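The structures come next, written out as structure tokens.
Here come two complexes built around subunit A, the first alongside subunit B, the second alongside subunit C.
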Partner chain A sequence: MKVIKKAMKMREVGVLVPLLLLWIITYFINHAFFTSTNMIALFRSVSITALGAIGAAFVFCGGMMDVSAGSVYGLAGMLAAIAMKDWGMPVAAAILAGLLVGVAFGLVNSLIINGFEVPAFIATLGTQYIARGIVNVISEGRSYTGFPDGFNAIGGMGFFGIPWSIYISLMVAVIAAYVLKYTVFGRSLMAVGGNPETARTCGINVKLIRNAAYIINAVLCALAGILSTARLETAQAAAGSGWEMTVIAAAIIGGVSMYGGSATILGAVIGVGIMETLTVSMTMIKVNAYWQRVVIGIVIILAVGMDTFKRKRMSGGK
Partner chain B sequence: MTDMSGRAVLEMKHITKSFSGVTALNDVSFSAYEGEILALCGENGAGKSTLMKILSGSYPEGSYEGQIFVNGNLCRFASPAQSEKMGIGMIYQEISMHLDLTVAENIFIGRWPIKGRKVDWKEMNEQAVTFMELVGLQAEPDMILRQMSASQQQLVSIARALSKDPKILVLDEPTSPLTQKESRMLFEILHSLKERGIACILITHKMEEVFENADRVTVLRDGNIISSCRLSETCEKKVITDMVGREISNYYPKEKAEIGDVVMEVKDFSVPHPSIPNRKIIDQVSFQLHRGEILGIAGLVGAGRSELVNAIFGKDPRLSGEIWIDGRKASIKSPADAMKNGIALLTEDRKKDGIVAEMSIRENLTMPLLEKVSRNGIMDRKREKDISRRYFEELGVKAPGTETLMRQLSGGNQQKVVLGKWIARDPKILILDEPTRGIDVGAKYEIYKIMVKLAREGKGIIMISSELPELMSMADRIMVISDQRIRGILKEGEWTQEKIMELSAMWETPVTNAGGHES
Partner chain C sequence: MRKRILTAMMAGVLACSMLYGCGSSQEPSENSGGSASEENAEQAAAQGDGYEFIFVCPIVGMEYWNMCSDGIEQADNELGTSTQIVGPTDASTFTTEIANYMEAAISSQPDAIMGYSGLEVMGPLIDKATELGIPYLAIDSDAPDSSRFAYIGTDPYNAGYQSGEGMAELTGGTAKVAVLCSSLSSEKEMEEVEAFKDAVADYDIEILAMEETNGDLATAVTKMEALVSTYPEMTAVLGTSAYDVQAAAKVKEERGLDDLVLVGYDDQEETLNYIRDGIIGGVVVQDPYTMGYEGVRLLKEYLDNGSVEQEVYDTGTIFVTIDNVDSYRD
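What follows is the complex of A and B.
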């Protein structure tokens, strides 16, 4: 009983309920929903997007914002592909090159935002264009396929018929949740997001913490881009367009506050579940793809609206 | 209650209000008469703000029980706009102004004079001058608020309230951003408003203000009216006793500590002006702080007291100057450097840079000691719990536990937590910038006691305060700063309120002829 009571109090429960409802509704409309193939496909999408949402959780938690995620995702996947196909690099080196894209853009974002004090939204909007531009320049707009088997295997099935991406994502989520809750870095990040001036006065290096959050975020986005390339066995110049909005929405739906100082990794992952299920179920019940975007848009606004409302209510009543 | 010659312009009857089961106001009835200054006193959480929020319409009709009569008419306020329409003006403790608009725009916001379909700027600026003169604000109506001092901004907010022609004016701690001189000016304004028949309700913690200005005083405690009487029928001690519900035998628990050697020496410190380029706010200031000493810093708002200590702590930049600690020169470029050198700073504005409101007491208490409550970057949960519990108890924070969020605490308890987090670092030098601002009498007393205890432990304490009685009672020496420089360091026995005020008001350099950067 106590366990159940405690569980009910966790804020993630508030997000889990709509996810389960969504699943049940979809099941009633289309019984094919709960088949193992469909569930594995769903969880595989969730696992890749979750990496981005975890990154977004770190950035939001520090009271910041990043809209370059989709382009970094695209560039990392593309660079890994070109490294293998055009430069003949081994798989491991190509993956490393892709991850370095994340490190590089994390650093560039930090430098622009914390060094030159350009507002985060504008700075990352700029790097979103830059990264997408580079994708098109280096690929000349072409798609790449025919990667070594070793690379494609990463996007395939692992132990017990479960895709590797799910194992990877699960591992990242556990580590991220631990870092956020039990490390000095996580506590500092929360403090920085909650009140940067107080954090600085307490001797916390605010810029360093924020830079680290940006780098973690960009590396996770790069990892997602590489996993997605491996899973599709294709690198496309347009890969990840608009993905930043999906991860931001997922994180916010999952209870990560846009205003900083509050984040839960589990919540962010469940948020991704809701976003991905929405897409899958709308497809299954044959909602026109254009209308799907309208629905997603509404969901994003509702999620942010709820976050703002919660904030207001908390600061309003004494 | 009391016999008043005037007419009751405001009557609040049987007001009861609770927040999720907790009673904030319990059957409160009170009135304000035409042409009087009524002081409303009470500790934080006594219900003053709640009562005034009901009056202002912030808590709409229906969210409480009871009735409000203005000039004998029953009023139902669904919004602040309706309350304003009935002639109720509010001036809040925290200045809520539009910093990037002009003085005139701030005064007439939402009620701009219109010519045709456009704002009539000329008319607006002219009208603004009338109200600026009324409050004694010396500035141009087209000046941007951001360039003005906090006290000037406060005067603008009063001008705005007056421009709406209120019959009842509520002032919530209006003098906290003001210096003593400016406060006196504010009360002159209040007295002239009173002459014009306006009822002024003054919410304040400062007893001098009550006894110098009010006609009547009403004390609230725990949501109940404890007493309500004319000033001639009461005394300071009684009001304080009513507020806290217990006798405070010794208002200032000052005990002499043994003064030791110099723990910190500040040499030739110059600090740039925060908002005016190429100007200094502190110029070539040097002083010493001893072990066991409480060094008070007096001065008017804007004299640069906070800027000086923030620069010493490495929080704000400085132009030049050295800090010597225990005879060794310290390199301080950030708060982290200052903390390593054994300095702690309790900042002036809790909300701005003292607390993280959405985090727990525990997380706030251990924020400057993360390296102490962790091992290899991993939090040591048990150690953190032990340490936070210890300081929570030592400081007597009134809250259900260490997991309570900071935003749920009253100002006084928040301040105890902020003080606690610095004490937990066991600093050699503790700088307290307005440590008792906006907190209730009981919490003040406890903070004084902690200061005395720390001084006896041999710590050097710097205390900035705008309340002279507090400084004179607690400090061993008082350093007066005005116009960029130290105007005098007074020892006990040498100081009087008049002497300190005189030094605070020493302005010699003309504003236009101030020194430039020299980095």
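What follows is the complex of A and C.
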């Protein structure tokens, strides 16, 4: 009983409830929902988007903002594709090139925000345009396909018929959760997000911590872009358009505070689960396509509302 | 918040385009045309007809629109005109952002504008351009109730009808079809779907469901997977944009759904490969190059003569299947 009580107090439970409700409702209307093919397909899309939400959790946790995620995702996938197809680079080098896009944009974002003190929203809106622009310049709008098998395999099935992307994402989530909760860096990031002035007086290098968060975030977005390219066996110039909004929504649904100082990786991943389930469920429960966005909007608000209500009650109605 | 920033940015773009407008009286505009077109433009300007046009493109950088831009560039070179290509780069928000680019295009007062017109927001803006004396040509998708002087592009009804006929032929006239479309707000896509329905009305072809994919391959794959799980009775899929039919092909291949018949649009290389492999049954292919080329020619003709011969120019479509996939371009 104690265990259950303790579990109920965990922050993540608040968002797990709407996710499970969504699953159960979908299952009752369409029994095909819990088939292994469908679950694998669902978790596969969750695994890729989760990387972005984990990145967003780091950024939000430090009290910051990033709207360039979708473009970095697109650019990393495209660059890896071009590196293989046009420059004849081996698979590993192409993946590395894609990840370097993440490092570069993480650095640029943090330089603009922490160096020139441009508000994060504007700075990353700028880099969002820049990264998408570079995608268009280097791809000339073409989509790339026909990659080496070794690259496509990364987006394909791994052990036990489960896609590699799920293993990769799981590993990243575990490491991220550990870093955020148990390392000096993670705690400093929480402190910076909670109150940068206090953090500074405590001797934390606020800028350095924030820069690191941006780089982690951008690298994770780049990784997601590369995995998605491998999974679809196609690099598309428009890939990841609007992805940042899904990622931000997922993180917030998952209980990551937009005002900094608190974040949970598990929560963010569950948030992604809700967003991706919605896409699938709307089709499976045969909601008319014209109404789907309306329903998705309502569910997002309900999910966050339920969570806020639960937390308020737990903290004694504050 | 986002909207406000966009507004501020558009104001910036506007200011720049106004400056650009002032500057261009001394020197011909610089655009993607390169030096050859600039020289031509200069020559033509000397002859007094170096018209400056703006093309309001729905998604700059997309392969389909690049083919259209190539046609525009070729026409600019030959006719001594210069066309500036502007537009959103983001597929997910282009339906709203395109209006801002159209506003900016009007403010920079070119000799004429051509643009993608099949969105509700475009109608009033087209009328505004015409009122200010800037002739407007609808390209690729039409706004028949607006004051555009003509439309050039695929007749969506004919294209949609062709997709229906193709579907009937490939399925032997019996099918349960799911539709993947990139945007429910696109009049063109919806008209194509309506025409598809008309074409298959006399057959035993039923539409099970329609899903929106935002023109994003990853979303389209997710939707296609959900469709496969939800409708075991589904025997065919119509994808009304290039990525939709590719997504269907990917899922068909992955899940070994050999009997599923796929019909779609556009001839991207990957789509053609799927047709060669027998995964996609057929696609309706449009001709964006001719749209761009003829579009510029029509703008010039309208400015020179005050009118053009027709109100609607259909650039036509071809239904590409395994039988003509390697010869249809000839």
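General observations
To be clear about the criterion, the second predicted complex is superposed on the first by the 285 of 318 C-alpha atoms of A that agree within 3 Å, B and C clash if a C-alpha of one lies under 4 Å from a C-alpha of the other, contacts with A are read in each partner's own complex, and residues count from 1 in each chain.
Following the convention adopted for this analysis, a residue touches a chain if its C-beta (ideal position, glycine included) is under 8 Å from a C-beta of that chain, and two chains touch if they have at least 3 such contacts.
If you're wondering where the values come from, they're calculated on a predicted model, not measured in any experiment.
More residues of subunit A lie in contact with C than with the other chain of the pair subunit B and subunit C. By the document's definition of touching, of the two partners only subunit B reaches A:Gly194; subunit C does not.
Of the two partner chains, subunit C is the only one that A:Gly242 touches; subunit B does not reach it.
Of the two partner chains placed by superposition, A:Asn152 touches none, neither subunit B nor subunit C.
On the subunit A side of its complex with subunit C, the touching residues are 30, 32-33, 35, 37-38, 41, 45, 48, 121-122, 125, 129, 132-133, 135-136, 139-143, 145, 228, 231-234, 236-239, 241-242, 276, 279-280, 283-284, 286, 289-290, 292. Taken together, the subunit C residues at the contact with subunit A in this complex read 1, 5, 59-66, 89-93, 184, 209-212, 214-219, 221-223, 225-227, 229-230, 232, 243, 246, 250, 255, 268-270, 273.
Here subunit B touches subunit A in the complex through residues 19, 49, 313, 315, 334-336, 339, 345, 347, 352-359, 363, 367-368, 370-371, 374, 377-379, 381, 407-408, 421, going by the rule given at the top. Contacts from subunit A toward subunit B in the complex involve residues 182-185, 187-188, 190-191, 194-195, 197-205, 261-262, 314-315, 317-318.
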